[in-house]
Structure formats: C-alpha cells, structure tokens
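We call the chains A, B, C, D, E and F, going by the order they appear; numbering starts again at 1 in every chain.
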C-alpha cells in the first residue's frame, strides 16, 4: 500500500512539473527541460519540508 | 492537518517557485513563509464564515 | 463523519476563494481581501442554494 | 444528481461571480440560471454522444 | 457499479468539453457549440484509443 | 498503468487537440504520439529523481 502511495506521488509530481517545465512536446527534451523537471521535484520536496517544519513549530508554540 | 498541509504546499509552491532552480533562494523561502501565514488566515476566515452561515 | 465532510468543504472553499481573492501573498491581508474571502463563501453558498432549488423545480416539472 | 449539482455549481460560480459582493446581484442570478440550463444541455449532449459511441 | 463508472466519465467529459467549447453561457447553444461538444467527446475517445494502443505496443516491444 | 494512461490522455488531449474537428487530423495524431513519448520521459525523470531523493 505504501508503494501505491509513492506511485500516486510520482503521478502528481509528473503533472505538476509537466505544467511548470514543458511548453510544447517536441521530438526530444532539451537539457533545460530535463533539468527543470529534476529541480521541480527537488524544490517541491524542499517546499514540503519547509511548510511542514514551520507548521510544526506553530503548533508547538500554540500559535495556531 | 494532512489535507491542509498538502493543499497549502501545492498552492504556495505554484505561487512562489517560478522556474525551479538548484535550491530555494532567499526570496522564494520568504514567499513560502508568507504564503503559509496568509493561507492559514484564509482558512480561518473561510471556516469562521461558513460555520456562522450554517447556524 | 459529518465533521470530516464539513472540513473537506472548508478546504475546498479555501482553495476556490484563495484563487478568486488573493493575488500575491503579502505580510497581511488588507481589508478588501478579507472581505472578498467572506463574500466568496457567502456567495458560493447562495449559488449552491439557487442551483439546487432550481434543479428541484425542474425535476418536479419533469423538465429534465 | 449530487455529482452533477456539485460540478455545475462550481463551474457556474466561477463563470458568473467575478468579484463576490454583498449579495448575488441581478445579472449574476440571471447568469447562474442560464449557465445551469446550458450545463445540463452540455451534459445531455455529452451523454448521448458517448453512449452512441459505445454501441 | 459499471453504470456508476460510466456516469463518472460523462461528468468528466462534460467538464472538459465545457471548458473547450463554451465561452459564455447564452440563452441557447448555437450549432457550432453543439457540434464542438459532440466532436470533443468523439476526439477524446479517439485519443484514448490512440494512447492506449500505442502504449500496448511499447510494452510488447519492451520499449518501456 | 491505468492512472498513467488516464493522466497522459488528459494532458495530451488538452495540449494537442485545439478545437475538436470531425476526426483527429495528421498533425494532431503526430502531436499526441510525441506528447506521449515526452510524458513518459517526464514520468521516468520524476520517478528517478524522487526515488533518489528519498534514499
């Protein structure tokens, strides 16, 4: 079941990063698009960590 | 809070990270923090308004 | 379970009204944005009532 | 009909209510009624076309 | 249950084709909008067939 | 693969078929084939990047 959830994440990231990085389908990705897709996944994970960490802090401080 | 975190992350990533680079730069980090605060404000306003409407 | 459904509505409204009312996250909502968020929820509930009521009428008249 | 009502409400709210005000004004109400009628027309056309394609 | 899935498809197509074909709700669809809605469903089914067929070929060739 | 096929079909239909006509014309068909190939490339890149990040 954990594997199914991981797969769902990959599907979600593919859609999100496709929207961010791919303008027009061409016969091959250029290196910029390829790099964009990789960075998109990495930055999204970074954002998730930042948001989750900050939220945990708020909850601890009773700020929310 | 899982649902809130997921939707907030998604919205703030889309709003704050234009073309993703090799790391989150300073302005992107600030934007994400601010976006979180506002998103939670919005959630609170919506929640309050909807609850009082239901009564 | 009813509470879970209510929560889901709040999440949905937050997304919808965020898209309608928030241009750029700033250090504080101005009063216009705050009012927009409130009206957005109120008008969406109004719209739901209007749509549901009109639909019920149609069904009664056998119009659909 | 729950699913239809939800999707229709969402589409028509987005199409007809620009900046939400203190009540639904006259033109917004008319727009919503018309939008509903057209959305159901669209649903019927889609349903008919898809069913005949499946046969 | 199969009927429920078919209904869900009709809901999905209606949303997609509404976005593609309907600019502004008016008092009646003109014939162009009506034709667009029909073609939208037909072309989407064609696209599904094309994508599925091509994907099956790739899997057979072990290309993926 | 069901989920992949559905999302890919949706994305490629939106990208490649502008105003739907009486059949998929040649350029739409080519666009769909290319779009599929790129979408699977993107899926592979995303999957690889995410898996290596998780380790």
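Criterion: contacts are C-beta pairs under 8 Å (C-beta built on N, C-alpha and C of every residue); 3 or more make two chains touch, one makes a residue touch a chain.
Worth saying up front: this structure is predicted, and the values here are computed from it rather than measured.
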Give me the chains shared as neighbours by subunit A and subunit F. none
Relative to subunit F, chain with the most remote C-alpha centre: C
Of the pairs A-B, A-F or E-F, which has an interface that repeats that of B-C (more than half of the contact pairs shared)? A-F
Compared with subunit A, which chain's mean CA position is the farthest off? D
Centroid distance [mean C-alpha coordinates] between subunit E and subunit C, Å: 28
Whole-Å distance, C-alpha centre of subunit C to that of subunit D, is 15
In subunit A, what residues contact two or more other chains? 21, 40, 42
Two or more other chains in contact with one residue: find those residues in subunit B. 12, 16
Going by the defined touches, start at subunit A, step to subunit F, and keep going round the ring. Which chains appear, in sequence? A, F, E, D, C, B
Would you mind writing out the residues of subunit E in touch with subunit F in their complex? 16, 20-21, 36, 39-40, 42-44, 46-48, 50-52, 54-55, 59, 64
Provide the residue numbers of subunit C that touch subunit B in the complex, in ascending order. 7-11, 13-15, 17-18, 21-22, 24-27, 29, 34, 37-38, 40-42, 45
Residues of subunit F defined as touching subunit E within the complex: 1, 5, 8-10, 12-14, 16-17, 19-24, 28-29, 32-33, 36, 40
Taking the complex as given, what residues does subunit F use to touch subunit A? 3-4, 7, 11-12, 15-16, 31, 34-35, 37-39, 41-43, 45-47, 49-50, 53
